[in-house]
Structure formats: structure tokens, C-alpha cells
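Some structures to go through are shown next.
You will see two complexes here that share chain A, one where it goes with chain B and one where it goes with chain C.
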Partner chain A sequence: MSSSLLHPPAQLSPVVALQLSQQAPSLLQNAPSSISPYSLGSLWSAAESPELWTVYENLMLSCLRTGDEESAHICLERLTARFGADNEKLMALGGIFQEAVAQDDAALKRILEEYETILNKDPTNTPISKRRVALFKTLKRTTEAITALIKFLDASPTDAEAWAELGDLYVSQAMYKQGIFAFEEVLLITPNAWNIHAKLGEICYMAATANEPGSDNYLAESLRRFCRSIELCDDYLRGYYGLKITSNKLLGSHPRQSKTDGGLAPPTQETVQRLSEIATSKLSEIVRRNAAGDSGYLGYDLGEIIAAKELLNKE
Partner chain B sequence: MTWISKSVTGLGLVLLAHACYSAHEHSALHSISTASISSVASHGSSTPAVASLPLDIVIETVVAIFAVCVGLVLGTPDLRPIEWRVWAGKIEREGERGFLTGDGEVEKDYIGNPFKVLEIRPGFVDIRKQRKEFAAWVREGGGTPKK
Partner chain C sequence: MAQIPIQTIHRDPQLFYWILIPITIVMILTGVLRHYATVLMATPPKKQELAAIREQRSLLRGINLRMNGNTVSHASFNARRDYLVTAYEEGAFLKEPEKKGQAAPNPMTDPAAMDGMMGMMKGNMMMMIPQTLIMGWINTFFSGFVVIRLPFPLTIKFKSMLQAGVATRDMDPQWMSSISWYVLCIFGLQSVFNYLLGSDNSASQTAQQMGQMGPGAGANMFGPGQDPDKQFQAEAENLAVQAHHYVLDGVEDRLLKSLKV
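This part shows the complex of A and B:
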């Protein structure tokens, strides 16, 4: 269970998050409350390890999520005692804590002003810039969030996380062309990220179904993205699911041979048919082996398996 | 290192120590007895006799080395995939379970899909939204309260 504390807690299901925060008081008691580098114990064991601080950080985020503010406060205190209050990352964690316990929008605006003061003093404070964007998002001021994020990316264009956030913000405003551009920037930085290829495929599909201009190209592009994600990752459930949906749509819509504006030629019906069959067979194999409890197929997310089953049943 | 590899290696090391000690004892004994015989037989001109190590010590040493080698080999972890898509597929398909050490614990450097952080984005976490969603989940009856 503690292995899950080494990963960011946002991905944990609520059940696991609840368990973790319930264990928080005992974890905090067992861990040393102050690390002194000269204790006798440091003769034979390291007094602290990098994992200890990652655990504190993730524990704090989990506790804030479940509402256990005392444990979160203790974690924050220990982190501050170790790293000092003017550490950038710690300022951001303190900001997260304040945002979580803020009572109303006025308090959030005060926190926003604090962030801006910090940024005026030191414009290169990356974690606080990101928190400012996140706070705009919380306050539902999406256009200001986008503007702030673009300014941040002008200064630091290789931050894949920021590009991905920008892409998500655009998509939430249904600006699909810009969202696709942002995620392509992510792929420039991390070209082998199979989940980002799948995400791009999903966005292209959304753009195609929203009848954006050039939607035939979007559908073909979506198909290619899902194929690429499968090429990068064997048995990728999300990739095959997307492949099946887009190939079905392509088979059903009979796209006319659109004049390509410098892009690739659209795939032939025969290719799409074969891809659809491959996707169906692979999806049914994964679902069947997962249901049978095959030891190599148990790592899939339950929600995704259920969605795949429904898709197969619809046929 | 699994328990069986540890025990076989330990046994091999014990045998090796025993063989070395026996050899040392043998050479000490042999040199004393040779010295006393040669001082009786040929006054002074002692030819240092070739230390003839008994066969069982030699066999014990060889067996000990073999046991240590076998123990270490048994304790090696599984080979990891080197093709990107095979490795990625293993993460997606098997999750944590595909990356266990011999003792059945998750490998220390396993971090799952390293690009998942681009979709979770902990630097931009909207903590109030997460709190609201968690509270809604609890209200709908998910999770039994501990108290």
C-alpha cells in the first residue's frame, strides 16, 4: 500500500485515498518528526531518504482530498522544517493547503493576490506560476488561465505538463484546433508517450464529431493517432477502443476523397475494414482474458474493461 | 534475492570457510609433522615437502564455489523487456504485478506509466474540485466511515 504513496495521489481511486488518509495518523507518528543529521541511528541507517519526502507530499495531498486537514498540516510543517519556507515547491504546497481550506471566493482571491506578489518579486518561480493558473481554473476564469499559461510557456517552452494543461483548457472551451496543437507540442517533448497519442486521437475524434471544418481529415488523423499509440504499446486497451470507434465511424460515413492540404491521403476502405477487425478481435481477447483472470491481464482498469465490453456488445 | 538463493549462497559460503580453515589447519599440522620428521631423519637439510592437500578438502572447496555460484544465479531478478512496446504493454496489461522482485514485492524503481503524470499534472492540481468530488462520493455511500 505504501508503494502507492510514492506516486501522485490524484490517480488513486477514492477508496484507496480514503484508506491512505485513515492510515495517516499512524504513519505520521511512526515517522520521525524531526530529522537531525547527527543522531546515533544515522551510524547504521540513513536518517532520511528521498522517498520520505515524496511520501509526505503525497500524503498531504491525499489528506487534503479526503478532508483530513490536521494530518495535512502536520505533513506541511515537517516539510517546511526540513526545506525552509522559501523553497519554491514548498510555497506551492502551502498555497495548495490554503486553497483547500479557503472558505469562499474572497479568500481564494486573497490567495491569488499573494501568488501575484510572490511572482512580482521573482517571476521565475515555476511552481507558483502553475498554482496561479490552477487557481484561475478553480475560479472558473478560464480565459485568464489560458493567457497566464501561454505567457508561462513563452518563458519555458519545454514544460510538457504545462502544454498538456493548455491543451486540456482549450478542449474544455471546445477550441479543438488549438488543443490539438498544444498536445502536438507535448509529443514534441515526449514522442513515445502512448497515452498522449491516444489522447490526441480522442481530441481529433471529438473535433470530427463536433463537425469542425475539415472533419474528414480529423477522423483519419484520429485513426492514425490510435494506431500509433498501439504501435507504441502492445495490448493497449484505450488504443484499441479508440481504433474500433474511429474505424466504425469511417466505415459508416464513406468519406469522399478530400483534397489534402499537405496532409496524408485518407486511408482506403479496405485498410479501415481490416483495422476494425483487428481492433474487435483484440478487444474481445483482452476482455475475455481479463474476465478469466489470466495472470498477465489483470492490470487493466475496471472501468475501461466495462466500457470495452459494452462496445463489443453493441455490435 | 529469494530465500532459497540466500540459503544456498549462505551454505556455499559456510562450506568455503570450512574448507579454507581445514586447509589452513592441514598445512599447519603438516608443516609441524614434516619439521619434526625431517629434523629426526636428515639433520637440518629440510626439504619443504609439497603440501599434499587431502582430497576431501579439495572436493569441499570446489563444491562450495559451485554452491555459491548456483545460489547467486538463482537470486537474479527476471529479465526485463527491452523493446519499448513490449515494456509499455507489460505496464498496461499487468500493472504492478508484472514487476515483482523474487520476494514478491514491487520493484523499487517501478513507476508505472511514466507519462501518466502528463494527464494527472500534479503541478496544476485543482484541490477544491477533488475535495468536492470526494465529498460527493462519500455522500453517495462509497466507503465505510472508520469511526
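This part shows the complex of A and C:
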């Protein structure tokens, strides 16, 4: 997967982070160390551009990932010099830096208190509110993280990222019903996000295997969520994987004609059988063509391909 | 019809250097100056308080539910709808619940709206003052003679408009005085300004006019003069009548059909 400092992938895997942070020394040397829009020097030196600052921010995050604290510090300094320390986003970046270099829990608690003072002065500071929740998560104080997130979402219910984080926190505590509620809120904001449909399918599947009350409904709903994610993105490996697992489970068990999920009839055995076959064939096609290096099939994440191969081999 | 002879007037070639070029340069420079002055005088948008943000976003939440409610199941949709409709009708999200039922704040007296209006007035001033000054300057120094000739024919009525200082009966309306060169430049220099200052510049006149007409014509949702309580009630009604078609209903059959093809 190609990546650059302008558009880093959403999940910064260790390999990518290393690659990006290795560009740090050359970048930091080439870019001018201080940029003032009014100085005479700006007439002939490189003009600043919005991309420059995005690059600095992403570089800082990659360097913190790989432990290169000096370069990260330099990036942070340059950003602060340009935008001033009052900038909300910059306060959050500074917070990330401090959390990354903190040595122990006591230091983290001090950072937490700093966040709370900032929020007392200005409760609308969104980036700092989110950093506070992330810090609770780091300190493993999950209930406080959930409470803080709920308070944040009361003021700002259209923030999809916050709802998704809340859903993850609930699922980590095995509160599946609330997790499903949170991810449904994400869908209300971004209705065509196939990854969220797949995530909901996974949560429903987890709820079904954990034998929550009404597991048959969960299984059927999980199947349908994966179908929808494939409908929205027809070479979505995660969708086919989930489809295969849920359809196998549905074929294995024998769903009773009980009260159904949200009033929908359970899918017929024949449909489930056909879906299972399609999922198997598509998964093997993806794995095969990815291994052969066909164009259009190279963008898949290696971990997902390996998981798909194992699933296919299990049969 | 006999061919009307084209009137030619022998012009001093120095006309070009002493009139056309100075007027053009002055207009370009004032445009650039106006752009930077606008940028420097622009006030940053005022920070909104938590209660105001909460009010706006809760309304957006209702709109999202109405538009994207088909992605969740009937039970989920009904639960959310009942909660939101009750909350809207009670005014649970209003930032000033005591003022429920009173009229909307008058834009003149509401301090939040004054800033918006001041911004607009500043923009208008920046447009009008340079235009007035330049027109006065041209009329003082460059009147009484014709400068250019348009390549296409015009009717006689245009003479009064475009040959301002020259009162002759027989001269073709195609000959124009310098004030008409000024008018032509206003429209023509916009692409020059786009090149010099980037496309989002404040020296471009038609963008401003369109900006004033466009969003002004549409209703301003969260701006001054809108009663949030009425907006909530309207949204509650819209939600109450919303029909719901669960997208997952029959998705497996749709998928099979599409994959078969």
C-alpha cells in the first residue's frame, strides 16, 4: 500500500510508520526552519503551503510511533511557531507529544489535570476533550472514558468519530447492545460507510456467539449487515469473510421461526447456502489473484489475506 | 441599404500611453490593495458557546435521522424518533429555555447578529469607496475626449451613457470616452485578479454580488433572525410523518441477484 506524508493510511502500521519517520532528517533540513509570511525572505525562498503543515503533523505522529522524539519535538516547535500556542489543534498535538514521552502513570495523571484545567476555561475545546478521553483509555479507566464521551456527545451529537470510539469502548466491555446503538448513530451520519456496516455485522456476530438474549436475531442481522457492506463495495474482503462465517454458522444451527430481528423474516436456508457459496468463491478468487499479482487485487492488507486463506483452508 | 461609412478619427498615438495604460494600472493596483485590506480587516468568526453548539447540532441530528433513518432497524428508528420528537417539543436542547415561545431576536438588537452585519458592511464599503474615488479621478482628468472604438455597432441611445463628456450629434456610438474604458476594465480585470491573487480574492466584484444574492436568497438556517424553537417544532413534525424502509430488508436477495448478473 503506497503512502505518503500527505495522505498517511488511517491505521498507521509499524512498517509504514517506520518508512515515514525515516524521511524526517532530510525533510527537517530542507524545509525552512521559520516561516514568516511578511518577511523579505519569503520573496525568494519557498512559500509556505497548507501541505507543508500537514506534512509536519503527519511526520510528528510517525516519529512518535517509532520513538524518534527529537524530530517530533522539532516538528512541534515549528508548528507552534507558526500557529501560536492558543490554537486548539496544536494544544492537542502538544498533548499527544507529552503523552508519548511520559515515563509513568504519574506523569500521565499530571497531563490529565492539565487537560481538565484547559477544559474548565473553555468547554468547547473539541480536540482537548477528545485527548482527555484517549488518555482515560490509556490509563485503562474505561468507565470514566465512556462517561466523558457521553458528555461530549451530548453537546456534539453529529461527531461520527466520537460515536465510533464510544461503540468500541462499549464492545470492549462486552456491552453489545449499547455498542450497536453507538455504531447505528455513526450510520445515521454516514449512511454509505460499508466498513461501519461490516463492523456492525461483526458486533452482532459477537453478540450471537456470546449467547446474548435473542441470538438468532443477531445472527440473521449480522448476515444482512455483511450483505449490505458488499452491496456498497463489491470487492470488500472483510465483507465476504464475515458473510462466509455467518452463513456457515446459520447453516450449522437451525434457526427457529421465532420473533425476528426488527420484524424481518429470517433468511431461508437456500439463500444462506447460496450466499455461503458465493462468499467462498469470491474469497478464494481474491486470495488467488492477490497471490498471482493481478492488477486491481494488490491493494489488500496482508493480514486480511492471511486470515482469508486460513478460513478457506479450514473447510 | 447603403453601407454606412465608418467614421475614423485620427488619434494621437500617445493616447495609448497616457490614458489607457495609466487607468488600467491604477485599477489593478487598487484591486490588489483592496484585497489585502479586506484580508487584514477581516475579523475571525466568533467562537460559539457550548449551549449554542449543542442547539445547532441537535437539530442536525434530527435531520440526519430523517434522511438516513433507513439504515437502522424499525425498532431503533422508532426509539430514536420518539426520543427526539419529545425532546424537540419540550425544547430540551434550547440554549435559552426561558425564551421559548417568544419572538425571534431582532437582528438589529441581537449582538451576535451585529457582527455578521458589520462584516457585510465593511465589505461593501471596501468596494464602493475605491470605485467612487476612481470614477471621480477619471471624470476630472480624463473627460472631454474619446479614447477607444468598439468593434461592433451600437444604437444611438448608448451615446449618452458612454460618451459622457463629448456632446456631438453625429459621432458614432462606437467611440467611447475613458469612463467607459473604466467600466470595461472592471469586468475584464477579474481574470487578472484571479491570476494574481488566487481564485478566492476580494477584488472580484461579481463573486461578491453572487455571494450576496445566493445564500441570501436561500434561508439562513442558523443565522440571526431564526427562532430555534420553531425550527425544532418543524423538525419534530417532519420526523413524525417520516416513513421508514429498512435497507436491510431483502438485502440478501438483492445481493444474490446482483452478483448473479
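Everything that follows uses one rule, which is that the second predicted complex is superposed on the first by the 298 of 315 C-alpha atoms of A that agree within 3 Å, B and C clash if a C-alpha of one lies under 4 Å from a C-alpha of the other, contacts with A are read in each partner's own complex, and residues count from 1 in each chain.
Following the convention adopted for this analysis, contacts are C-beta pairs under 8 Å (C-beta built on N, C-alpha and C of every residue); 3 or more make two chains touch, one makes a residue touch a chain.
Not measured: the values here are computed from a predicted model.
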{"item": "Fit or clash between chain C and chain B when superposed on chain A", "value": "fit"}
{"item": "Which of chain B and chain C A:187 touches, first, second, both or neither", "value": "second"}
{"item": "Which superposed partner A:133 touches (first chain B, second chain C, both, neither)", "value": "first"}
{"item": "For chain A as apex, the angle formed with chain B and chain C - C-alpha centres, to the nearest 10 degrees", "value": "50"}
{"item": "Partner chain(s) touched by A:28 [first = chain B, second = chain C, both, neither]", "value": "neither"}
{"item": "First, second, both or neither for A:119, with chain B first and chain C second", "value": "neither"}
{"item": "Which of chain B and chain C A:232 touches, first, second, both or neither", "value": "first"}
{"item": "Which of chain B and chain C A:278 touches, first, second, both or neither", "value": "second"}
{"item": "Per-residue touch tally on chain A - higher for chain B or for chain C", "value": "B"}
{"item": "Per-pair minimum CA distance [chain C against chain B, superposed on A] in Å", "value": "12"}
{"item": "Chain B and chain C footprints on chain A, overlapping residues", "value": "231, 234"}
{"item": "Contact footprint of chain A on chain B as seen in their complex", "value": "84-86, 88-89, 91-98, 106, 110-113, 115-131, 133-135, 137-138, 142-143, 146"}
{"item": "In the complex with chain A, residue positions of chain C that touch it", "value": "47-50, 53-54, 57-58, 60-61, 64-65, 67-76, 246-249, 251-256, 258-259"}
{"item": "Of all residues in chain A, those that touch chain C in their complex", "value": "123-124, 154-158, 181, 184, 187-189, 191, 221, 223-225, 227-228, 230-231, 234, 261-264, 267, 271-272, 274-275, 278"}
{"item": "Chain A to chain B touching residues, read off their complex", "value": "3, 6-8, 10-11, 14-15, 17-18, 22, 61, 64-67, 92, 96, 99-100, 102, 127, 130-131, 133-134, 137-138, 160-162, 164-165, 186, 190, 192-196, 199, 231-237, 295-300"}
